[in-house]
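Just below sit the structures, each encoded as structure tokens.
Consider the two complexes below, in which subunit A is the common component and subunit B and subunit C are the respective partners.
Coming up: the complex of A and B.
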């Protein structure tokens, strides 16, 4: 599954963490370092699998845990309207 | 009262029918905004209502924001403020800086709850809620050769520089002992000081807040969030404010160190260390 950032969402990286602004709800969300790894891979257009690989490489977490966490985070970001799927 | 009083307020030249407890401005700069006495009607789209204390409410009437305290009302536009008050001195106290933050918002400028001082053309800001020790921290540095940029309300020009405010520092009476100045109706002590004439780039930010157990450097989302919590007027009165606040906070966090510290905790040595650590 791949994702894109909706037009109403703006994000910036500061000190290796991403801060997201949702222009529709006018709310802010700060991502922790782990979520930032996932976010940066997903907003580059890569898949959840690639994001999980990045988590494994950068944090040493087990691959199955990384994939489960990545999928859960992506689903949460979609639910919040901060990401949208680009394929079925 | 006079219709020809003239003040310089956070980068704007104002003509005023209301006498403010501030030095009048000289010069012949064009008037940016008028402050006039008149009638202000409450009502419109309710933006904020302090029902717990029945002390403040805020409405939108087209492009005008109406702010109402007991006995004092303001109708605020980008180039005109109408003041409706039975007690002009109470209105004057509210106008700067509280109402002025709405004037600035109407003109597309966001404001933070903070004071700033400068030396050698670089400024350090101290942010925090009322009573956190912003003005006292500023005074500590003024006593060591710094100059005031602004007290209590911090706003920025188009280049992100801190805009000078009125040449007044408002202190708790116990911090003002032995200094020449005047008490104001809010119980603070108004100390006249020298301010910068021009906007100054910020090089560091200190946020005084109870959540910090010690002075520490903040980073990333935590730093951005801490700055966003210090917006001067949390109520959203104008379109685009959340995005402008986001951009302002991220700009600050990405271009200068942000420190958190407990309220009233910083000594002048701490403040100078932070300032000098950034090359000021």
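Coming up: the complex of A and C.
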């Protein structure tokens, strides 16, 4: 599945972390370095599979763990309104 | 001169983080040190996070302010300068400076829509702006200026004249304007001089240099003279050009006393030697007097807290929020 960043959400990369601002709730969220790997792949329009691959490549975590964590993180970000699934 | 090459060289040559911080270079240094394999102090990583949050907050906050404050709004200094850096995240700023024709009306409008004092019940105005305000969920205080922050002996034009020349701000928020780069550059030099006199921080020099980049030097010099800041402008330009041959070892971390003395010495750059004594009296008087609305006991208490720390680092003193 692929995702996009809603218009009310803005983000900036700081070193190996990302800070996300939700303009609707006026809240800030800091993503740790692992979540940042996933975030940067997803906001580029790539799939959870690609994000899991990036996680494996950059952290050495097992592929099945990477995919499960990526899917869980994406779901959490969608629940928080910071990402939205794209059509197709 | 390649400004950024000179700045990077300075940053590379300095080993003491406090000196870089005192010169406002911590965000540039954090990135540079990371690239060059030096360990980045944790406090700088935190400063980078804060800068990112601040940058994200600006457009949202400006849209909210634009929605409730009537009339022209000119964004000055920090956020507008940051937009001219290679990456806005390299230029820290701690508040949003807005110049408005009627600061009291704007302040009332912001209070009515939910802004609160950023300094609690004891907040007082400053010589150039109303008491700082903050939006409950924003990290960035707002300062509504009724005059340009310049040395008391300068002859900056009235707000109405500045508003008449305003141009769209770089933030891209509809209805938010700023000064033309020439006027903004002179303001930046004036503001830096107001605080640091001839002992300008490297960041102040960078700010002026990026703002004036692309402008006609003669036009800016004329404008500075018209504001009574011709000598300040000449000295600031000379300091910018010296960056190219300045050594990292030349940079210092000033004490509180250093800052005050430099600020007072800044009056010697008044338009003429004859004007200097009066400028000096105005500068010292402004420094020692209470802020508008502040009572003498409160002013004396502030002074009393600072005096025992006169020889300490000004940056360290401020970070302790006296």
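Things to note:
To be clear about the criterion, the second predicted complex is superposed on the first by the 87 of 88 C-alpha atoms of A that agree within 3 Å, B and C clash if a C-alpha of one lies under 4 Å from a C-alpha of the other, contacts with A are read in each partner's own complex, and residues count from 1 in each chain.
Just so it is clear, a residue touches a chain if its C-beta (ideal position, glycine included) is under 8 Å from a C-beta of that chain, and two chains touch if they have at least 3 such contacts.
Source: prediction; values computed, not measured.
By the touch criterion defined above, A:23 lies against subunit B and subunit C together after alignment on the C-alpha atoms of chain A. When the two complexes are overlaid on their common chain A, residue A:31 makes contact with subunit B while staying clear of subunit C. Legend: residue contacts after superposition of the two complexes on their common chain; A:10 is shown touching both subunit B and subunit C. Of the residues of subunit A, those at positions 10, 12, 14-15, 17, 19, 21, 23, 26-28, 30 touch subunit B in one of the two structures and subunit C in the other. Subunit A meets subunit B in the complex at residues 10, 12, 14-19, 21, 23, 26-28, 30-33.
Those residues of subunit C lying in contact with subunit A across their complex are 34, 40, 45, 48-49, 51-53, 55-57, 59-60, 89, 137-138. Residues of subunit A touching subunit C in their complex: 10-15, 17, 19, 21, 23, 26-28, 30.
Only residues 219-225, 228, 236, 242-243, 246, 249-250, 253-254 of subunit B touch subunit A when the two sit together in their complex.
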